[in-house]
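First the structure, then my questions, so here it is.
Chain lettering (A, B, C and D) follows the sequence in which the chains are written, and residue indices restart at 1 in each chain.
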Amino acid sequence: MIKVGVVGGTGYTGVELLRLLVLHPEVELSVVTSRSESGRKISDLYPNLRGHLDIEFTEPDVDRLAECDLVFFATPNGIAMKSVPTLLEKGVKVIDLAADFRIKDPELWSQWYGMEHACPELLEEAVYGLPETSREQIAKARLVANPGCYPTAVQLGFLPLVKAGLVDASCLIADTKSGVSGAGRGASVGTLLCEATESMKAYKADGHRHLPEISQGLQWHSNDKVGLTFVPHLTPMIRGIHATLYANLTQDVEDLQALFEQAYKDEPFVDVMPVGSHPETRSVKGANTCRIAVHKPQNGNTVIILSVIDNLVKGAAGQAVQNMNIMMGLDEETGLRQVALLP
Amino acid sequence: MIKVGVVGGTGYTGVELLRLLVLHPEVELSVVTSRSESGRKISDLYPNLRGHLDIEFTEPDVDRLAECDLVFFATPNGIAMKSVPTLLEKGVKVIDLAADFRIKDPELWSQWYGMEHACPELLEEAVYGLPETSREQIAKARLVANPGCYPTAVQLGFLPLVKAGLVDASCLIADTKSGVSGAGRGASVGTLLCEATESMKAYKADGHRHLPEISQGLQWHSNDKVGLTFVPHLTPMIRGIHATLYANLTQDVEDLQALFEQAYKDEPFVDVMPVGSHPETRSVKGANTCRIAVHKPQNGNTVIILSVIDNLVKGAAGQAVQNMNIMMGLDEETGLRQVALLP
Amino acid sequence: MIKVGVVGGTGYTGVELLRLLVLHPEVELSVVTSRSESGRKISDLYPNLRGHLDIEFTEPDVDRLAECDLVFFATPNGIAMKSVPTLLEKGVKVIDLAADFRIKDPELWSQWYGMEHACPELLEEAVYGLPETSREQIAKARLVANPGCYPTAVQLGFLPLVKAGLVDASCLIADTKSGVSGAGRGASVGTLLCEATESMKAYKADGHRHLPEISQGLQWHSNDKVGLTFVPHLTPMIRGIHATLYANLTQDVEDLQALFEQAYKDEPFVDVMPVGSHPETRSVKGANTCRIAVHKPQNGNTVIILSVIDNLVKGAAGQAVQNMNIMMGLDEETGLRQVALLP
Amino acid sequence: MIKVGVVGGTGYTGVELLRLLVLHPEVELSVVTSRSESGRKISDLYPNLRGHLDIEFTEPDVDRLAECDLVFFATPNGIAMKSVPTLLEKGVKVIDLAADFRIKDPELWSQWYGMEHACPELLEEAVYGLPETSREQIAKARLVANPGCYPTAVQLGFLPLVKAGLVDASCLIADTKSGVSGAGRGASVGTLLCEATESMKAYKADGHRHLPEISQGLQWHSNDKVGLTFVPHLTPMIRGIHATLYANLTQDVEDLQALFEQAYKDEPFVDVMPVGSHPETRSVKGANTCRIAVHKPQNGNTVIILSVIDNLVKGAAGQAVQNMNIMMGLDEETGLRQVALLP
């Protein structure tokens, strides 16, 4: 059994991680920390865990965390970077579900996240945890930066095209729609039911923090300079990201469908759907799957990729567990063979 | 491995059953029938099953079904009763998720369901599959009538009081609220998103088919004549039943909370919540759990029981799998240790 | 034109009041106050008002308010009572949409609202603004206590029965379901979309502040002692209250439907629906209407009344405008002839 | 008073038209037809109209319709074209809310709508009823083709750019999101609450009928050949269209915001929001307004236009009433000064 700790278990990413971990056959969940809820039974806050998890939230404590084999950080941005160096030193592996280790360039990171990085020396070592591109590095990593939700859906959609050099990388468009759980569990007027349901809106059209993360990831696999327009939208539902991706082909391609099927044929968590499909976010609700469909309307030179994930699973907690499985030498699907809850 | 067949796998109860069965470690799902979808891959209709289930819907065929150890009927009312006698004869165990075998009195059944019963001789033998009251009979049964969704939530809420003879059984009130999935997957104007969301309404206030089923179940455990007022409501959500139950105490009771905790202390799927709780339906979404809370406002003589289930799980498919586990001598929780999806 | 002020215009009751007032042909909206948003254009906060209202929120200022003919308080409980005496003195009429003047007994009020009353001497004078029972007093009032949302739906449903002395008043049950806007626009975890949608729960089953208000109102019209069990539920929708009311008949009644039709035949904002109806909350969304249906299932002695309103309109701002119309001698329907937005 | 008839009043466009017409001060609604509901009181089907409209649905009858000054067709595509020639002959003005007269080229129309056009000779005369581009022609028209919902939102967003020749017209992208009411009130599995809520999906990515309509409209105002990629999405809400539009600037533009403000400064129903805004669909729910915001992220050469409407109002019934006002010489805003219902 792997001894696992979770730092910051009270947000939506945290509770989803707990849901997956309590059912994981190889995991012993030994510590879950929360400053605000310390001393409270976890299942009091999250009654879905009644009967599955009997421990309490505790104060974050490096010594206790150091007894774990692996620690997940499900904290706000800027928290993990303060404790990660110590934990790594003590031989604990770390997966950060926040953004602290996602961007390689500390200045770029500071620019988008509005703070100084606490341990820029670790940025190079940290492995960007998208298993579909970096499985081998993840297997050897001490520190994994779990990708953001939008970046997961957008990169998995664009990568086969960008890698193959088939599209004009300078002019990519990602129109993305997210459920409200992406905004977290903090009390705020904008995500009240009465504000967010029965309405649709774009936000941060002038620049969202996931933009540099996506650009960086695509650039790693592109020979040409990547230029991305990225507009996120708030959608009146709890879970799900729908990325609608637009790119212009720079050459004739015989079979885009085959390109995608080939790219993901060995991937347990990426499902390329049949020609003509329109994946629904509900088809991945609660599951660690990214479903993708490819369209080339009117046989023109614009390609449309539709890519859906559950932002809390493949976009956060599920991918983190997938990374843990890889890091700990387990079967990658352990504890993740869940069927989406439909309807 | 148990060879299992599902008759009528295209409705919401059907797909939920499939979700649970494909993950059940002791089940081999060998046949799923559908007249309307015969020949179509199941995962085409329900993409959440892609990667989990590779078979097609087939025409209902008694001979093929007879090769199963156990067959579930997830068909509309009045279908199962036509094939069940043959299957039982051939040694197949049957769980009917519809209402065909729930009511013992064939005349009462006909009155509420508007048709003649095709095999009234089996009504006596059929075991009403509420494990919390009939575990031993279920274990020995050939034919189990899986309870309705409302009846499960209402009976589990009222039974400790009624069994103990503490309330006026002649004057029980069950105000129940159901998600729209209870109405099934048939195309109908009334359950369109635009008709059913952002609205609340009662329906069948003058008499719903679950009324005689609940009354019968409560009467079995009551010394006094049961009189029930039952008003169902359509709630703008997919899953969940919230039953709010009202009864008048006929005597002083010291500790209602203890009565309920005692009644369900050994039940793996009934959770009596702490004093003062208000269970949310989302705390059981996707899980086979009934959560119950007891209130006695202003210390008067009215008791309020709050009882929530997922109508598709503990109210249908999950309870059916629980019954299968009992009938086949498996651990009752096999395949059902799921955590509700929250948020 | 009537010069009108609104104190506390940033909540949901406030913005609904503004929606109705900007379209009211006899109203000049001269001042809208808000401590937190002072100096901000109202239509910045509420873009639905762009093009309809060009003024800014201002600091609450008694002198400016005193220039109005009538002032609405759409503030939290306990605010209005501090300024009302001064405004009345200066000849301004007041409608309080909060609870400060709803309960006649100051001790009972303190018990439920947790504070001392600031002007108990006005409680006697304040008219409880349910036009269907108190139109004449409202017409002469300086100070109207606008009823709560639940109390409006529940009282309009029970009153014909209670007034006629046909039911056991000691044993009334009101099972009520409210949209989330009833909880207001304050940032809180419990009313986040991700917490409140796709779920149903009861709350305050042991005692909600509207209980004494409803009991008081029913008692005024009952010869027998009123005993009420009142359970509110949070429903996953923005607007709407559905009250399901249960009472036991104490005598044979020939025609309950006629009783209700007669009771409300001259009421412009109460609609008794045909026999067998089940009113939907969406049929009153945005409209100042209460729709009621009467059921007597199985012809027993339990009466079920279904009563629906829009909590923000007939349950708050609409009823307040109706009261203003009566107080100012206008046609009662002025500015309120709106059709519910359906779908 | 204008005598008005509505053909096909049972769909969502129909009931929205009735909501607007019963409150219109210059309209006498004299006949509402429906084959399926003939003889039924309209307010029986749509209880929100109880107390506002007392007539029944009648069989479609040209003679009765011919007594009207103006007739609206709120019928499925292909119905209006059968009766319009007769009505025009009899001197009745017609507004068709379906697609029969929107496309000038009958062959293109047939290709997308799958039927022969019944009166291609009228296509030239029919005026495309987008008041913001064609107010003068509408004023003189006998026959107005009311624009589609997506086309309204997309054209109003793109037109200022296209007219000014500032963008590459050959490479426009319209990523659009619609509430479910756009799919109509017909019973279908895909728009059941349980299928459509809590999920997001694209549909008809390979070609939607509104594509040629939008292209035609933009082409009328463009010197260059228009090329459009158009992907509609189904969003889990009742009302609202959010169009996110992408275009590449072909020259330096000093002030895009001023361009839009100038373009719409005299338009009563187009609201250009302040710099940096993100319009929400709920800000126009029930209102005949299109709200638009302009973004140029990272000051690059991609322009993003956000354009929101209520698909049933500015995208259908409201725009139809606006067209009626223009055709009949009324103030264009008559009966349309409604404030969006928020929350």
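Here, contacts are C-beta pairs under 8 Å (C-beta built on N, C-alpha and C of every residue); 3 or more make two chains touch, one makes a residue touch a chain.
Worth saying up front: this structure is predicted, and the values here are computed from it rather than measured.
K.L.:
Work out which chains are contact partners of both chain A and chain B.
P.N.:
Joint contacts, listed by label: C, D.
K.L.:
Using only Cα atoms to place each chain's centre, name the chain farthest from chain A.
P.N.:
With centres defined by C-alpha atoms, farthest from chain A sits C.
K.L.:
Between chain A and chain D, what is the gap in Å from one C-alpha centre to the other?
P.N.:
39
K.L.:
Roughly how many whole angstrom separate the Cα centroids of chain A and chain C?
P.N.:
From the centre of chain A to the centre of chain C is 45 Å.
K.L.:
If you average the Cα atoms of chain C and of chain D to get two centres, how far apart are those centres in Å?
P.N.:
Once rounded, the distance between the two centres reads 36 Å.
K.L.:
Where in chain C do residues touch two or more other chains at once?
P.N.:
12, 181, 185, 194-195, 197-198, 236-239, 279-280, 282, 285, 343
K.L.:
Provide the residue numbers of chain B that touch chain A in the complex, in ascending order.
P.N.:
These residues of chain B touch chain A: 12, 15, 19, 22-23, 46-52, 181, 185, 198, 238-239, 271, 273, 279-280, 282-287, 289, 291, 337-343.
K.L.:
Under the stated contact criterion, what part of chain D meets chain B in this complex?
P.N.:
12, 180-181, 185-189, 191-198, 236-238
K.L.:
For the complex, which residues does chain C have touching chain B?
P.N.:
Residue positions touching the partner: 171, 173, 175, 177, 179, 194-195, 197-203, 205-207, 227, 229, 231, 233, 235-240, 242, 244, 246, 248, 276, 278-282, 285, 295, 297-298, 300, 302, 304, 306, 308, 343.
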